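Okay, so subunit A shows up in both of these, paired with subunit B first and subunit C after.
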Partner chain A sequence: MRRPGRTARSLVALGPVLVVCGGLTVGALALMVTESLGVGEPSGLVNPGIDAYRSVVGADGFVEALAFSMWVAVAGTLLALAGAVTVAWLWTTRPGRLHRVGLGVLHVNLSIPHIVWAVALAATFSQSGWLSRLVVLVGLTDASADFPVVVRDSFGIGIIAHIVTKELPFITIALLPLAGRRAAPLLRQGAVLGASPMQRLRTIFLPTLAPALFPAAMVSFAFALGAFEPGWVLGASTPRTLAVVILERFRDADLVRRSEAQALSVILLSIVFFVAALGWRRTRRWIVSTS
Partner chain B sequence: MTSRSLIALAVGVLAAAACGSDSDGTAGPDAIGVEPGSVDASDWDAVLAEADGQTVNWYMFGGSDAINQFVDTTYGPVLADEFGITLNRVGVTDTVDAVNQVLAEQSAGETSGAVDLIWINGENFLSLKEADMLFGGWAESIPNSSLVDWENPAVNRDFGEPVDEFESPWSSAQFQFVHDTARTATEDLPRSYAELATYACDNPGRVTYIAPGPGAFQGTRFVKGALFELSGGAEQWADFDQALFDEWATELWEYLNELKPCLWRDGETYPKDEPELHALFANGEVDFTITQAAVGAGALIADGLVPDTADAFVFDDNMIGDFNYVTIPANASNKAAALVLADLLLEPASQAAHIDPDGGFGLGYGIDPNRVEDAAGRELLESGSASRGDAAADPDDLANALVGDGAGEYQELVENGWRTEIVGGL
Partner chain C sequence: MRRWTGRVATALAASVLIAPLVVLVLGGASRAWFFPDAWPDLTLDGFREVGGRPATVDALITGAVIGVAVTVLTLVVAWPTARVLARSSGPVVGVIFAVLLIPSVVPQVSLATGVTSLLLRFGWSGGQGSVVLAHLVPTIPYGVAVLTAVFVRHDDRIEQQARVLGASPWQVFWMVTRPMVWSGLAVAGVLCFLVSWSQYLLTLLVGEGQVVTITMLVATASAGGNPTTIGVTATLAAIPAVLAVVAAGSALVERE
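Presenting the complex of A and B:
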């Protein structure tokens, strides 16, 4: 049970942040919706109404682009989540000197802008990249074109690799405080009581991390779905992620296209909300009972 | 607690998604046309007097180091020393950013705009013209406009859209290919789109082109060249005719789809811009890249983007050339200074300097050199032409292959059609 006044105090403390972040977010959201409906655009060029939604949803390839976006975002997030849990598990169960170095690596990765990371991945793994040149140099392949296609490929391998390598550190860092402070002593007790590593992972470690797992995964998913950088730099000409299509249409000289970009943004955001709400319903019992 | 937490989570998620989206709120309600105190370009002394002490904010594509440096070191000092004007070059990643800025100001009712001059392309010119956000009635009044061949349809129409004194030329460009003389012999080069298809299928994976689309007009230009060749000439495309496009579109898509399996990576993906194509070329993955510069491959060699042995070449016909322009928004705060700068760009000395690959940026003349009567100016322009270097295409070949661009409406038809018919997808 909450004591009266605590909520009020929290609101006051959070007030400045809420006003700035909330104001910007709600403002951007309002503009997104109004522009998607063609409201406020130069008259005669864009007609107010739901034309933009009709046009994008009815366009050839909309379903494919949506499916491709979901594929890279879901696969990227799940792999990053699995990787982050593994790192946090190793971190908690195998104390060692490398912890500080590992933490440093994670933080360095987090500080690299997404677009820079995407370009670095492209420069490394594309067929014109330095890795393929190195492989030719040491004689493993005859030409750089023999290097496997992992960048600008139709399965989105490059994009997924980008999401995993950027989101894994983010989720890991979100998990570590719980892993270190709450899971570690419980794991030791579990070990004393004779629980196997798998039992400790399933019944102690994962439930303890649950309050951080879902929100971190959700933020990663929202980012992976909305970020244009990985698709722009590492994606093929087709299929493209919706974020790339949004960017292209938003930057089109034709203002009708801008409305379409905003309509696609609204659709993308609705998906994020839907997934968040669904995920919340499924996991709130976990989160509330353990937080 | 549950609902509050849900709201908190929603706000967090929304903020994360907002970071990844591109809604920067560049337009809003209540769009109005604005035009603050205008200047009269025909009263040049008054323009000079008003410009003295102003800062001209020139928004331009900032992706070329050569152009950035040239602008800062060539025009900046002249404006400061001779006219008392401060040049503030504002680099943008895409010209549409400058257009969005102007449109946002229009929506907000801002009468003292931040943008005084824009280096603009046809599509964005059309956007601003349609939105009634351009300052007009000056381009044929500034002193050096007499050096511009305003009778030439390639000059008085930008992308098929009449210029109507809303913009003034800066330089010119023509689509060309670049090959590596160390890899491909000149006599083996394709000289038409038909020959290119044969070359590509004889050398699988050695040819590609830039994916047409917004921001990648070079790719669109390549495809339009194919359309011109297939349909028997460029002239018929000067005015928009939907029926004409429908008539030839099928053949165009057929040509490109037959070319596709012979292309780099079987046409599964295409480079999205010039730097990507240059990188493939420099790495020896493909045999040709492209350029628009009068100096051919010279500027690319100077920038270290392609091998020293690179050279420009053209097909026998259908190499699209056009002019590029500067324009002044209707709500520009420093119109007088913008006019002085637009005039300075047309000075024979400025033009001769910009074509020079050594220190300039290698694009062609915006003025007609034959209109320059002053002997010193003519000499400068002649030596400028002569300085184009060894990696430039033959001037006669360029002139013989030169055709004007089609009407602006074809741009979107080609881009959308290419996406639907060639790669599929949104």
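Presenting the complex of A and C:
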């Protein structure tokens, strides 16, 4: 008699979260797909079908925008991952008093809104930015034009810098609990048994962190691929990130453009799910066995 | 030598994460900071002028009101869910966490356009209420995750003892549960507030430009290119975030 009552209470407890978060998210994704297919739009304005997909894929600059978005997302995520693993490794293998300060710095960085951070990076690393002024001060350059273009550049260095500096703290903080609780004692045992630092890193540290490493990497990749602010503030006018193109089309008064924006959103989402599925297939065994 | 290398690397990394924020504050505290001056003539005129504008004050208040509303709603909704998830296991829990994970793995711009379209269909866009509703999508997963971690370590037998001893449900909540979960609740609240406070895209699209928060003023200032205005608005947008982290850190230190 007690069990149904408890089940009912559980459903009542879970209901609001599933309705608000699940309902809005799933509803939003469903509408994104239907609007991209022109279904449910006012008759005559948008034809049902895959016209929007044909249009965006065939549009000038689509391939460049897609390639550019993938480049900044992959490079940014991989660099952030490498940096986060390095920080977690150093903090785990060489405990010190500075770590608490370092952790505070990571948390502060993580709390800064993306638009603020993008603006801050532009003010620091642009040709007329603070770093360029310091370089002039020490006599390495004479004018702002002598400083390398790393903001609004065609290689997306500014955008990648944004992704790395924002995602490195996120991934590091996700890794630290496992690094401290599980990896640290195992690393000490490995050292006692004579394993070299590289052996400890490859056979103990990375597998132990796997349950946190891969989900954090996926969240970071999804962010890097779909973030608007870095591309808008730190990106060049060409090539642009897909996120910037999507927003431009979505805000267009022409409903056809809006369908195209939704088609691009679906493409972006498909890439993330494809990469997530690949990542999950490759790492499931590690994650299940070590969590 | 190796120790020094590590320290230098740590200091360099910390500088990269902190220096841009210092540059913003300097920009806000400057007037006519021309190239190649590395240090500006410091003045608070920019903070007084830009910070005192009604538009800036309104944006700060709007962001704070939305942030508090989102935080309270998130915690109210996430609390019972977290309690259930903390003592459950099996495929249902996995499904619920999977649903909660969706907003984190969906590209931000895709989620924003989708949520905006959905709320437009219902005629719910363009107001603060609709922005609050939209912000719940990214905040609820954080709220549930943090509170579930809190309740996993929570010993509810102490609450049962209080009930046996005659405490009302409200007394149990206020005098037993609340003190036990306070630090975790504070962290969850701070996190939800920060996620809401930092939103730009969702606020811009769902608010249809009528709901102006400080992050939107930062974007406008960035497009305008005035270093003082950029510095002031960006600093104002960053201050509550930094304070919130410090407050959460203090709560945890007190707990320790």
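In this section, the second predicted complex is superposed on the first by the 261 of 291 C-alpha atoms of A that agree within 3 Å, B and C clash if a C-alpha of one lies under 4 Å from a C-alpha of the other, contacts with A are read in each partner's own complex, and residues count from 1 in each chain.
By our rule, contacts are C-beta pairs under 8 Å (C-beta built on N, C-alpha and C of every residue); 3 or more make two chains touch, one makes a residue touch a chain.
Quick caveat, the model's predicted, so the values are computed rather than measured.
In the overlay built on the shared chain, the residue A:98 is in contact with subunit C alone; subunit B does not reach it. By the document's definition of touching, neither partner reaches A:211: not subunit B, not subunit C. Once chain A of one complex is fitted onto chain A of the other, the partner contacts of A:246 extend to both subunit B and subunit C.
Look at A:136: by the touch rule set out above, it reaches subunit C but stays clear of subunit B.
By the touch criterion defined above, A:265 reaches both subunit B and subunit C.
When the two complexes are overlaid on their common chain A, residue A:119 makes contact with subunit C while staying clear of subunit B. By the document's definition of touching, of the two partners only subunit C reaches A:111; subunit B does not. Touch criterion met: A:152 reaches subunit B, while subunit C stays clear of it.
Looking at the shared chain after the overlay, A:59 reaches subunit B, while subunit C stays out of its contact range.
Of the residues of subunit A, those at positions 18, 21-22, 24-25, 27-29, 31-32, 35, 128, 133, 144, 218-219, 222-223, 225-228, 232, 242-243, 246-247, 250-251, 261-262, 265, 268-269, 272-273, 276 touch subunit B in one of the two structures and subunit C in the other. Touching subunit C in their complex are the following residues of subunit A: 10, 12-14, 16-18, 20-22, 24-29, 31-32, 35, 83, 87, 90, 94, 96, 98, 101-102, 104-125, 128-130, 132-134, 136-137, 143-144, 165, 169, 218-219, 222-223, 225-229, 232-233, 242-243, 246-247, 250-251, 261-262, 265-266, 268-269, 272-273, 276. Listing the residues of subunit A that touch subunit B in their complex gives 2, 7, 18, 21-22, 24-25, 27-29, 31-32, 34-35, 39-45, 56, 59-62, 64-65, 127-128, 133, 144-145, 149, 152-154, 215, 218-219, 222-223, 225-228, 232, 236-240, 242-243, 245-255, 257-258, 261-262, 265, 268-269, 272-273, 276-277, 280, 284, 288. Across the interface of their complex, subunit A is touched by residues 1-2, 4-6, 9-25, 27-31, 94, 96-97, 99, 103, 106-107, 123-124, 126-127, 130-132, 205, 211, 213-215, 265, 268-270, 272, 279-280, 283-285, 412, 419-420, 423-426 of subunit B. On the side of subunit C, the complex with subunit A involves touching residues 3, 6-7, 9-10, 13-14, 16-21, 23-24, 26-27, 35-38, 77-78, 80-81, 83-84, 88, 96, 99-100, 102-118, 121, 133-134, 136-137, 140-141, 144, 194, 197-201, 205, 215, 218-219, 221-222, 227, 230-231, 234, 237-238, 241-242, 244-245, 249.
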